[in-house]
Each structure stands twice: as structure tokens, then as C-alpha cells.
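Attaching a single structure in C-alpha cells format; questions to follow.
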Amino acid sequence: MNITVKIKRFDPEKDDAARWESYSVEADKMDRALDVLMDIKWHHDGSLTFRKSCAHGVCGSDAMKINGENKLACSVLLQDLVKEGGTLTFEPLPAASVIKDLVVDQSGFFEKYRAVMPWLINDSPAPEKERYQSAEDHEIIEEATKCILCGACTHSCPSTWADPDYLGPAALLKAYRYVFDTRDEESEERLKIVDSPNGLWKCYTIFNCVQACPKEIDITRWLSALKRKAVTTRF
Amino acid sequence: MTFSHDIVIVGAGGAGLMAALYAAEEGADVAVVSKLHPLRSHTGAAQGGIGAALGNEEEDSWLWHAFDTVKGSDYLGDQDAIEQMCKDAPRTIIELEHYGVPFSRTNEGKIAQRRFGGHTRNFGEAPVRRACYAADRTGHVILHTLYEQCVKKQVRFYDEYQVLDLLMTEGGTCNGVVAYEILTGDVHTFHAKAVCFATGGYGRVFKTTSNAHAGTGDGFALAVRAGVPLQDMEFVQFHPTGLYRLGILITEGARGEGGILRNSEGERFMERYAPTVKDLAPRDMVSQCIYTEIREGRGINGKEYVHLDMTHVGKEVLEHKLPEISTFSRVYLGIDPVEQPIPVAPTCHYAMGGIPTNVDGQVVRSGDRSDIVPGFYACGECACVSVHGANRLGTNSLLDLVVFGRRTGMAMAAAIKADNKKAALSENPEKRTRDTLESIMARSDGEKAVSIRTDLQETMMKNVSVYRNDDTLAESLSDLKDLRRRVKSVTVEDKGRKFNTDLMDAVEILFMMDYAEAIAAGAKNRTESRGAHSREDFSSRDDENWLKHTLFFGKGDDGYDIEYKDVTITRFQPKERKY
Amino acid sequence: MSKKYGHSAKSSAFQWFTHRITGTFLIFLLITHFWVQHYDRTTASISHSVITSAEADAGVIPEYSDAANEAVQQRRLNQGGIGRNPVVPADASAAQPTGQEATPYDVLMLRLGDPVYAVLWKGFNLLFLLFALHHGFFGVTNILSDYIRNDMLRVGAVSLAWTFALVLFIVGSYSVIVAGLNV
């Protein structure tokens, strides 16, 4: 099918502000949005810049705003985005500083990730075998471990748009994953971090993150559990 | 700019991070340089599991695991290394668990295990549950956990720095790398006492692959250019079940959970080829069988694919144990595996060969195993220890990463402790890199990387994939010669300094040319069929002449040399391989 | 690790929790409030005219106008008129009901001056006032602190908001407390 692709472009060495550029592209309805971008880069304009790697939604490289919603370009098909003759738009993730075209600076995103101590803390002597964890206990955190840290959620959250320092759903979900891991011993410390002015309480249960998550994680549900935990531990 | 660290690890997949973590545990000053953010590494795509004879679900022993691996490798794997890996496996998995990897659990709360192709009990009797897993995102959780631990240990990360050169002294000691900072376009030198390559596989030289776009095998090329040989490159694993046309992987775990391959007649054809283990035969066999079915006209609708039937497995299992692959087939093909069979075809998946190393990750530069390159280490898919020989068993790659990543990390840390003096850098270490980059940028007319790459992928797929013969291999070699000429005029349209991915595409195609030849040349020379290397003109295994490793020495435009190295055999004498 | 995150001595868990609690209470408080303001056409909240449940079952629903009107008119005569719009001239000759409807304000004053129920209603109002103000202003200050990125401005705006809330609380409480005292 023939579609018009509009891309919000920005070349740090030439442009003062972002500009829209349109391309007319021949594509198949079963193509991924990423295929369209690659096609443009390879056959129309080699300077078009975006991140990509796995091309099937597991590495988290290509989160961007597609037709106004944050998605992974490699995980949506054209048939779900445009009709014959229609227009498809690409923009970088909102509330992030743009490096070039669709590439954004994720250093702030990962600073938030590091802030929640995203690692297992268990200082008691390690047993000979694995630390046991029941299948039920594992299930509590299982969905949260699916997160690929693409940033679609954090950058879809109005709280982040308003306050770029808000920890954001991705980091908080990581905190959840460790606080609720039965093997972890340092949930208090981590709770103190998320229970800070830039933390958990800026989540107003807006659900944008849930809608944006390419891994279909029910983020708000887990953050609510984290809030309850923070409250009950505090009192 | 020049950065100086005790240890510089190139690549932040499972192997690189494991090495970094264990070196950092020993207190070494470690830097990890990666062209992708570590969490974007392709280890995150590994689905099915990681093998270790934990015996959590049923009786198992490391010796059985070793036997299966040797047999799977079609007796080309070095048995001392295989024994080391299988013996280290349970302990390493337990350590991973202690680091926090969220494995799926058994009812008793132990690490859950599932069946996988080629893994058997009691030396081939019946399939065994040996693959430890976290649903179908085992690699993902391992990658994330390792990265988290490295962050905790304050390993220094240089994200989105692409290494473009390996530095060696005149005397052949490795003392650093040169890297291009993608964000700024600056070229930097990393000066180190020990350099470790963990740059992953090269799936992208083939048209259909389960590998990431970043899987361009940079490390293989850099090693070849530095005069290091590549071992057993002709052994390329084609995974039997890639989504038709896309190559996206459907894990072998799908068959481990009961999935069945069927041809156009609805026949469970693997029963014919491997009566004991059927659909769980090793990958080389299954891929070859699928190709045979297709060639004999039993592809679905006359097309080049067969069906992976999961419909009898049930929604419950698909949703809980294999959610990712259900999503893949739903999203990319619009097929619900609960109701319809999934169209699959073999997809280029894994590089058995690579930079030859010993069990401590030290790179070996000739047929003599004690002839190591001082300061140069390699681990992960880009290395060849060799534990996979002619065919890797599923779950053994992640295991290879963590076992040898760990050993390499510890070996490097020990080397630093013994002697922390870095070999001096040469006068202008960045010159070669800068020259290459500048000449590409300066060129105004020529060919874009993409058209060269497409042709390379076509010829490799057509001539050097599952079935090969002398003609196809000769054709590929002459195509490669031609491409080597074309690649000299590669140009870029993006002339900017910042985040120039166009330039990196060009650099990568240069890399690809340097090792693609090793695959085709090794395959042409090896006049037998063994494991994943299946010659139509020499259809049987020939232990008399070919029970040996290939060593490829590239000489750029001047062709190449091929030497051979003996296989280490300890317990298991080569036998006919039947499943 | 940035100081932006974590290790803050200040926990916001309590405020957040309070917000939920006040929100939950507001559901009931508001329902009651609206009921009383709009639907309680009876004078059930005024002791002069309590009806028994038996009466209610029997369909005896004293109209607002009958019992209350009378009391209101009575008060007007006694005190020379109250209310925002005195409907009866001060020199009205007799204590005759004028047939004029009592205003909500009048009813309110009666309710809050009621010898039996006033304490209850005043308590209700004070609680309601406190919860609504806390709930509303906590929400507003959340919004302010999200959107105002300048530290000084943010602290200023938030303080201003809470000061305003305090003023409203004082005014509100005062009106609740004094209401009906001179009935």
C-alpha cells in the first residue's frame, strides 16, 4: 500500500528546532513500523536516525511516538496503524531531550533506574543450593520482570511531562520487582527511596503507562501494591 | 581522548557482563565498552533456557550433559572444555540465582527445568529436563540481572561506543582498543592491560536470521585484522523454527513443551528421521530435515515452510510457559498458536565458530594451544572454546556465556593482580581508525552499505546455509571477492558527526567482508558433513580426515590461509550420531 | 547517584494515605450533604417536626412548608425579620403564615440552631469542611508542585495555597460555629 510517512526530524548540527519531513512510501500492511523507517533510511534518506536492534520487541531500543502514542516501532504492524493512502507519523519520545531525529537521550531515564537500587540485596550467607522461592511468590514479581526498559511508559506519563525528575513508572516498577522479591532483604532502604517527593506519590493512577507498555505489563497495579507497602511499612 | 583501565571488555551481552562482574568482584578496575546500551544486547532475546544438570525435576548428571554436548557437537567439541563447562554449570547457575535471576520455579520452590533438543538422560536414553528457564525470556532476565549487579559493583560503562580497532604491540601483546563514540563522533583510545571481546554473533551476514541488527560480528573481523585466526567458522547454526519470512525465533522450548513439526500432509515427519527423540532432535538435524521435506515438495502450500503445531498443547501452557512466542506469532503473523499451527522455517541463529580460546578465555593464536596472545581474551558467542563443535545444543550458549564469561573475568582479574603493567601504546593508535572513517565520509560517489549488504546476505543464504556443495561454495567465494571490491567504494549520505548510524552501517559492512570469507572458505575445504555443516557432495562424516578444527587466517585482499588443529578427546570416542 | 532521589527524610506516604482517607470519607459526606441540601424536603433534620417511622410508613410526610414554614415565620415576627431577602415586611400585622416559602438559608439556620441536632450538624459540617479543604488543597498543591519547576516559586505557591486553605477553614469554621446561635 502507499502511505505518507511524516517524521519529526532534528539534526543537532543544522537545525535550531525540530522540523517535519514527509515521505511517500510503498509498503506492505504486514510490515512493521520499523521496516518503514529502515526502508526510508536505506532507500530514501541515509541521514534518518533512529535506534534499533532486535527488531522483535525484546531489546527496547526503538520506543518512539508513533501516531501520537508511545510504542516500539518493531512491535506494531502497519495494518494496525494506517490505511491505504493514510499518514503515519513518527516522533521521538516526549519529555526527553532529542539527540537526533528519533534518538533521545536516555541518560536521565537510566539515572532514575539506578536510583532505586535495582539489584538483589541479600547479605545473609548464600546457601549451597538456590534460595527457594515458591511458584506463588515468584508469580508476584514475574510480570514485572518482563520489563525491557524501553522507556515508553515513563515518557507517556503526564507526571513525567510535568516533572522530568519524577522517578517514573519504569524505575518504580523495578523497585517493585525487588521490594516484592521474597529473596531480597533491603526493601526498607528501597522503600525510602521511592517514598520521596520525586517518587511513588507522583503516580496519580493515570494508566498511560499501562497503555503504552509494549510488554503489556499492568504497571499501575504493581505501583499501587508498592504504595500500599510503603504506607504499611511506614506506620 | 585516552581512557585507561585495567580491563576493557568489549560487548555487554551475557558474556561481557559476566566477565565484568567477576573481574569487578575481584576488585579490578573494569570498563565495559558497548555499541549498544548493555540492556539492548542480544542476550536479551534468548528465550528457552540455560542448561545445567541441577536435577531439580528429575535425575541428572553433569556427565550425561557432557555426553550430550559432545554428541551434539558431532564429536568436534573439545572434550576437556565440555567437561569443564558441564561441571561448572550447576554452580554457575546457582550463583546466578543468588545474584537475583528470577527463574521460574518448581512446586517446591527450586529452579524449574524443561526439556530441550539433544539433552538426554543416561547417555541418550530419553529426553531429560535440564534447561533452567524463566518462562520464555531466560536470556532477558539473565542479562538484566547481570547488568544490575555490574551497576551495583560500579563497573564503568561506555555505552554506545563502537570499537573499531584492536591494538597490539609489535611483539603481539594486546594493549587496548580504539572506539568511536557514537553520540559525539569522537574517536577514543582505551589503554588496558587486558582486553576481552564479547561481541556476540554474526547472524546478520545471512538474509534470514534470528539475530539482532547489531549482530554484525564486529569482533570476528577485528580479530582477523589483528592476525588472530578464526576457528570452525563453517559451522553456522540454523535454528529450525524461525517465523516464516521474518526469521524471528520460536524457541525450541516450544517443542520441549510438546510442540510438533508437521509437513503439508500433516505428518509428524521427525518421527521418520529421529525415532527416539523425534521433534527434540538437535537443531542441525531438524533444520536439515525441514529443508529435505521442503525440497521433496512437502512444504506447506508448496512454499518454503512447515508447521509448528502447538494446538494440542493448550492455552494454559502457552500462556504461562511460552507467552512471548504466542505474542510473536499473534503480532507478526496474526496467528494464534492456540488455534492454528505456526509457519516456521530454519533461520540463521548461532556461530559455533569464533576466536579460539582456552577455558580461561585466553585467545590462542595457532594450532598450539599454549600459544596465547598476551592480554587478549574472548568469551561468549564470538569465542570458540570449543564446546559446541559442529553443532551447539540449545541452552548451551547461555551456559557458555556464563561459565566462560565467569572464568574469563576471574582469569583477567588474576592476571592484573600478578602484573598490572600495561604495554605502552604506539605513537598514534587512532590513526588507522580515523583514516578509515575519514575516507568513507569524504567519498562522494559510490555504493551505499545497504546494497552491498543485501547482496552479501543473498549469496550467503543461497550458497552457504543449511545445505552446501562445492559449486555453491565456489560461487559464494567468487561473489565475496566481488563484494570485497565493491565495499571499497562504500559511501554514506549522512555527513554529520553526531549519532551517525549511516557511518556505522558502512563500517559494519567492512567488518562483515572480513569474516564472511572464513565461513565460505572453511566450508569449501571441509569435504565431509558434520553437524551443521552439511555437504550434498560429501554427505557423511569423515573422522579419518576431518576430526579437526579449521583455523582461518585472513589476509585482507591477499586471500587467506587455512590451518587445522586437533580435537581434544577425553572420554567419549566418536560414534555414529543417531537420535 | 543523584541526590534528587531517595534517602529523603521526608516521607509523603502519610499525606498520600490521608488523601485516600479524606477522599473515601468525602464520598459519604458529599452524599449526605447533597441529600440534605436537595432532596430532604422534609424537615427531618429539625427536631420540631420529627416524624416517627410509623408516620412515615403511613405516608405522613410533613411538608417542608407546613411545619418549618410556621417556625420560620414565627422567628421572623419575633426578631423583625431575618434572612437575605426578608419576605415579610417588619410591620406585618399578625403572626399569620404568609404562605411564603421559607428560604434554604432559613431552614439552615433553624437546623444549626436546633437544640437537639445542632451539635451533630455542626460537627458534620466541621468535619466536612476539614476533609474537603484538605483533600482539595492537597490535590491542588500536588498539581502545583508537579508543574512549577522553579524551587522558589514552587515553595511559594504551595505555601500560598495552604495559607488560603487555612483562611477558608477559619472563615468556614467560624460561620459554622456561630450559625444559628441567635435563633
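Per-chain numbering from 1; labels A, B and C assigned in written order.
By our rule, a residue touches a chain if its C-beta (ideal position, glycine included) is under 8 Å from a C-beta of that chain, and two chains touch if they have at least 3 such contacts.
From a predicted model like this one, the values you see are computed outputs, not experimental measurements.
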{"item": "Contact graph of the chains (line, ring, star, complete, other)", "value": "line"}
{"item": "Innermost chain, taking as reference the mean of every protein Cα atom displayed", "value": "A"}
{"item": "Chain centre separation (chain A, chain C; CA means) in Å", "value": "46"}
{"item": "Chain B-chain C separation of Cα centroids, rounded to whole Å", "value": "72"}
{"item": "Chain centre separation (chain A, chain B; CA means) in Å", "value": "27"}
{"item": "Of all residues in chain A, the ones touching two or more other chains", "value": "114"}
{"item": "Interface residues, chain A side, partner chain B - complex", "value": "11-14, 30, 32, 41-43, 45-47, 49-61, 75-77, 99-100, 103, 106, 110, 114, 117-120, 122, 126, 128-135, 137-138, 141-142, 145-146, 148-149, 177-178, 181, 183-184"}
{"item": "In the complex, chain B residues that touch chain A", "value": "36-37, 39-42, 44-45, 93-94, 97-100, 102-111, 134-135, 137, 140-141, 144-145, 148-149, 151-152, 183, 212-214, 246, 248, 324, 327-328, 331-334, 448, 450, 492-502"}
{"item": "Interfacial residue positions of chain A with respect to chain C in the complex", "value": "111-112, 114-116, 159, 162-167, 192-202, 204, 227, 230-231, 234-235"}
{"item": "Contacting residues of chain C [partner chain A, same complex]", "value": "1-2, 4-8, 10-17, 142, 145-147, 149"}
